[in-house]
Amino acid sequence: MPPAGRKWRVAVLGATGAVGQAFVRLLADHPWFDLAVLAASERSAGRSYGEAARWLGGDAIPAAVAGMTVMACDPKQVDADVVFSALDASAAQDAEPAFARAGRFVLSNAKNYRMDADVPLVVAEVNPSHLELLDAQRRARGWSGAIVTNGNCATIVAVLALAPIHARFGVRTIFAATMQAVSGAGYPGVPSLDILGNVVPFIRDEEPKIETEIRKMLGGMRDGAVDPAPIQVSAHANRVPVEHGHTICMSIGLRDHVPPEEVAAAIAGWRGAPEARGLPSSPAIPVLLASQEDRPQPRRDVDAGQGMSVVVGRVRRDPVLDVKLVAMGHNVIRGAAGASVLNAELLAARGLLPAV
Amino acid sequence: MPPAGRKWRVAVLGATGAVGQAFVRLLADHPWFDLAVLAASERSAGRSYGEAARWLGGDAIPAAVAGMTVMACDPKQVDADVVFSALDASAAQDAEPAFARAGRFVLSNAKNYRMDADVPLVVAEVNPSHLELLDAQRRARGWSGAIVTNGNCATIVAVLALAPIHARFGVRTIFAATMQAVSGAGYPGVPSLDILGNVVPFIRDEEPKIETEIRKMLGGMRDGAVDPAPIQVSAHANRVPVEHGHTICMSIGLRDHVPPEEVAAAIAGWRGAPEARGLPSSPAIPVLLASQEDRPQPRRDVDAGQGMSVVVGRVRRDPVLDVKLVAMGHNVIRGAAGASVLNAELLAARGLLPAV
Amino acid sequence: MPPAGRKWRVAVLGATGAVGQAFVRLLADHPWFDLAVLAASERSAGRSYGEAARWLGGDAIPAAVAGMTVMACDPKQVDADVVFSALDASAAQDAEPAFARAGRFVLSNAKNYRMDADVPLVVAEVNPSHLELLDAQRRARGWSGAIVTNGNCATIVAVLALAPIHARFGVRTIFAATMQAVSGAGYPGVPSLDILGNVVPFIRDEEPKIETEIRKMLGGMRDGAVDPAPIQVSAHANRVPVEHGHTICMSIGLRDHVPPEEVAAAIAGWRGAPEARGLPSSPAIPVLLASQEDRPQPRRDVDAGQGMSVVVGRVRRDPVLDVKLVAMGHNVIRGAAGASVLNAELLAARGLLPAV
Amino acid sequence: MPPAGRKWRVAVLGATGAVGQAFVRLLADHPWFDLAVLAASERSAGRSYGEAARWLGGDAIPAAVAGMTVMACDPKQVDADVVFSALDASAAQDAEPAFARAGRFVLSNAKNYRMDADVPLVVAEVNPSHLELLDAQRRARGWSGAIVTNGNCATIVAVLALAPIHARFGVRTIFAATMQAVSGAGYPGVPSLDILGNVVPFIRDEEPKIETEIRKMLGGMRDGAVDPAPIQVSAHANRVPVEHGHTICMSIGLRDHVPPEEVAAAIAGWRGAPEARGLPSSPAIPVLLASQEDRPQPRRDVDAGQGMSVVVGRVRRDPVLDVKLVAMGHNVIRGAAGASVLNAELLAARGLLPAV
């Protein structure tokens, strides 16, 4: 945490979009971070944030923020120690390295650098040790800043549900079928004519992300590199007419063939990596075990832990592998903006951010 | 088919419910069957069908039917050769055997007798040979009629998609995650407060049905009995805010480890059992291969083949087993009423119905 | 308010339903009221509340409440000073007078007694003076308790939007078209097959309630009786696929033909009856004026003022009458449970409740 | 109708959009018209229609059409007698007059020229006499072709419901609150994040269109000009989560203050202008009177008359004016593409199209 009375200056890149707005909401009154700069595309730059952003929530735009002038996504115009990036892949490709080169800590939600060997792909409660990659990253790339990435929003939900199980019993095989909320596609995103009363069993590029990112996130560190977990993953990605909350059905094969009761107990008792506890954005319980037989449900459970807890239910025997379950989490909070903010808090707690 | 100018007299049990109404629609103008009797619960008996049924469709109740008096579900009051049952399990338990005992051919959608060894569980295009069980059934039970059952509505959709693959390459393992329409729960069925903007990852008793019925339906006949297919099935059943059409994501392991292209070709070329072709309710192509990468979708494809075709898409390599795909079919038509009517036509074509 | 350290004992009748659950949520931790008894139908009586109620929210049932035993709706079994009734009309008919006769203050949401001349129909911020009817009510009926009623949920939303306008300019004519949320029909309520992707332009008995209740609520007191406001109302009631929040389009004719700007200013400046301000459930601003041209919207604005504020937008000139606008409020909170709790607080503040 | 064996060559402008696709569906197998040219924006021109159009329906693109090359919206490239325009206002502004100048009959859905004094705004069954404006139009503008316009999609639904009433009893005042389907905004149109589980009480520029177009359409011809009907209209436009079908609640004041039964009888007996009967796209009954108390409903009634009939229900006494009712019609068919095709058939039947 910062010295008393001090905060790190932070910026949001892509601040006008759906994830950008979630960042603004989470950072508008943050105890450690001062939301100093909002940046977006050239089209928005120069306008006030209140004009440039089509505010999607029912709450008002935080007053302090509405009048801020939107800047371009250029390190020279963005005076901040930490940069939260909600940029899409095409904008992130050049902008994120430019900020890292200019000495900023970039917390990225884009897919571009996630799978690079020297880029940490971190869920704070699951694999904080992957931040050890940062030294190598900065050395190899000659950056005074760094890039830390989030996983894909569905992957993060899956990984949190899997982490307690993998830690105890060794996950070896996963079948995952997702039912993803429309907010996962941003705004304007999914046309209503495509999704009202419908299911779209296809989300471009989503399945390979889930299949590869899980292995990296659940891997350990060995000799300064991530040793991917030896897990085979088959993913089916679907879009459903739900506002927020990705639901994932999983069949799971384990190294240790324990019964569902032991799996449920492992989930119920898990609190995540000690260093991720007690941070401003940490949920009290990162993975909640639902007690009702028909839960989790996105509309009813999406705000658990203020959107930062994943809810798991229906832990039962799988007729083919070992265990079946359902996981659900808030794709915009837990799966994107909230995950980045928590990662930045983790960096601060580990003393990795510059002195403030 | 019946002699020229003659039709079999048929009845619908449970005629006022959602599936019952689908039967009425399909039978109101059928070339082989004369819809002679509508029967329902005591509450409806004695009223005109137009009063007793809360008609759910946008079409008008067929005029010939609206004025018919609803009868009780009692063989003495139901003068018909063939009886289509849309009864729920509690009513079907006694009523269906009573009709079979009284000499009627009962085409059932209830779960009660599906897994009995001497009861055929038939999809006309897939396993018509299972009708050979009828002799043993009638002998063992002393019935002059018989019971022929449909599978669960999700199972039927899955089995049609699997049949072409199993016939060629031997299906051995299945992971199936369903996204089922609300009409699968009948009327009033799912409360809107439970499903608007939501997913409910639980349908009572659904997963075991899918896991067991597939094996029976895809099994062959040996020594006068069904030899279940040696397939392991893991099912995840979900309810989604869709009106009609169950969507099923499947990962499939095969005896012959062929690539997806061969699986797609097998599906594209399949026309089902020869004896099921050309019947009044047979779709021209029982399993359609979608050409667009984001199909099938329930709202857009549910009426394919007038609701009798299953649409399969996204046939692709599975990272763990052999192939992944998505199947979708109309749960009320293909998965219930239409399947029963087609089965009755099959009985007629095989000469199993009484002379008319 | 009660003396320090004391609270009134309160009960909820019909505690297991959708409105009953809203009462439980609002009363579980109330500064003035101690939720002492939960009562419901015979079917639920004797069971724990946690078992008897199918809890609809995403939050957990308040711990103190889950273990309470549900009582029958019988004054002898319900030891409480104030009784909040979420009973439907058939149950309320006898139960509510029985409680009033037994000395309880009944805050009712049923339609049965709303239009009785000696029964106050009160929105706390709008017509608290109608509570003067209580003396006559108790005298005439020989009750030691009393009944105070809420309006229909759509009426309450309309009346709050109209009150600031009527007070200043005299409302004379109203055309109101509602778009009402499914939660207004309770649970299980509206079948999903009826409302997914649909509009149902009919809600039984709803339009006459809106057309008559508005006149009573906006009426003044004269000679100890309510003098209905001289307003003609034409209402169109529709059900739409929205979870919570009734939206109402209104065209309004005024005694004083002022332009929309003055109407908007009257709304913006209105704070309601002074005696209703500062109560535990009073929203800071009872009627909020939306600043965006496409608001209010139920999904985005329904929780304004914790569900107790009505949001009004699009105040503009009407080509036929004087002004058009849109009003939206939370039908379960502002339109039912929250309105009753606020009315009880108003009774307490006026010293009408028995000493505690 | 055309001479035996001959058809008029027709084109669709804006063929790739949602309304354009509806035109393609209606014209692919039309008895009088040969769909000879598909034209769209520069972005699509030169590609095959199958590639350029994201086909929204569940049906396949008509085979004859999929391979056609999309042309630019330039009269030189569009060899056709009749041009159906699904262009939006910005594209229509120049293109439609250019086609009329080049001798084509333009059937327009754009708003640009609807209210011009010499441009007919026609619903075939309601005001075919307005086609008399064409002579003046062609003379004044020096065009060898002409422009005939459709009304706004909500206006057309309202006007059909009003026409039988106006003809008999003289409509004088209308309050109209619409609940409009998302397809009314085209594709991609309304973002799902805006409308899932929501109502948006605002559609840009929609209310003035409804308020003015009704008067023109229901007006008579006098001295070669349209004499607008003396009707005051107040409209409230709302977007709801419905795929197809605009629902409109109306309160109506009449010159003759007849009771609702007479109004209902006038609607039930109306068959529209004789010259619009029996055309290929004419519905047998242009305005259907619903018999159930909770109808019309968009999802259930939208396909009445193959999407060309408007369904009216709930005709009842209005407490302020004379009568209240609900009207519903298919916004893409009856409210746009189908209305244009019917208008072209009307031109053909009147001998206004060039010899073929």
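Letters A, B, C and D name the chains as they come in the text, with residue numbers starting at 1 for each one.
Just so we're on the same page, a residue touches a chain if its C-beta (ideal position, glycine included) is under 8 Å from a C-beta of that chain, and two chains touch if they have at least 3 such contacts.
A quick note: this is a predicted structure, and the numbers were derived from the prediction, not measured.
The interface holding more C-beta pairs in contact, when B-D is weighed against A-B, is A-B. The chain with its Cα centre farthest from the Cα centre of chain C is B.
Centre-to-centre separation between chain B and chain D, using Cα means, comes to 41 Å. Note: centroid distance chain A to chain B, computed from Cα atoms, is 43 Å.
Counting partners per residue, chain B has 56, 196-197, 241-243, 297, 299-300 as the residues that reach two or more other chains. If you check the complex, the residues on chain A that touch chain B are 173, 175, 177, 179, 196-202, 211, 232-234, 236, 238, 240-243, 247, 249, 251, 293-300, 313-314, 318-321, 324, 326, 328. Within the complex formed with chain B, the residues of chain C that make contact are 18, 56, 182-183, 187-197, 241-243. Residues 56-58, 196-197, 243, 297, 299-304 of chain C touch chain A in their complex.
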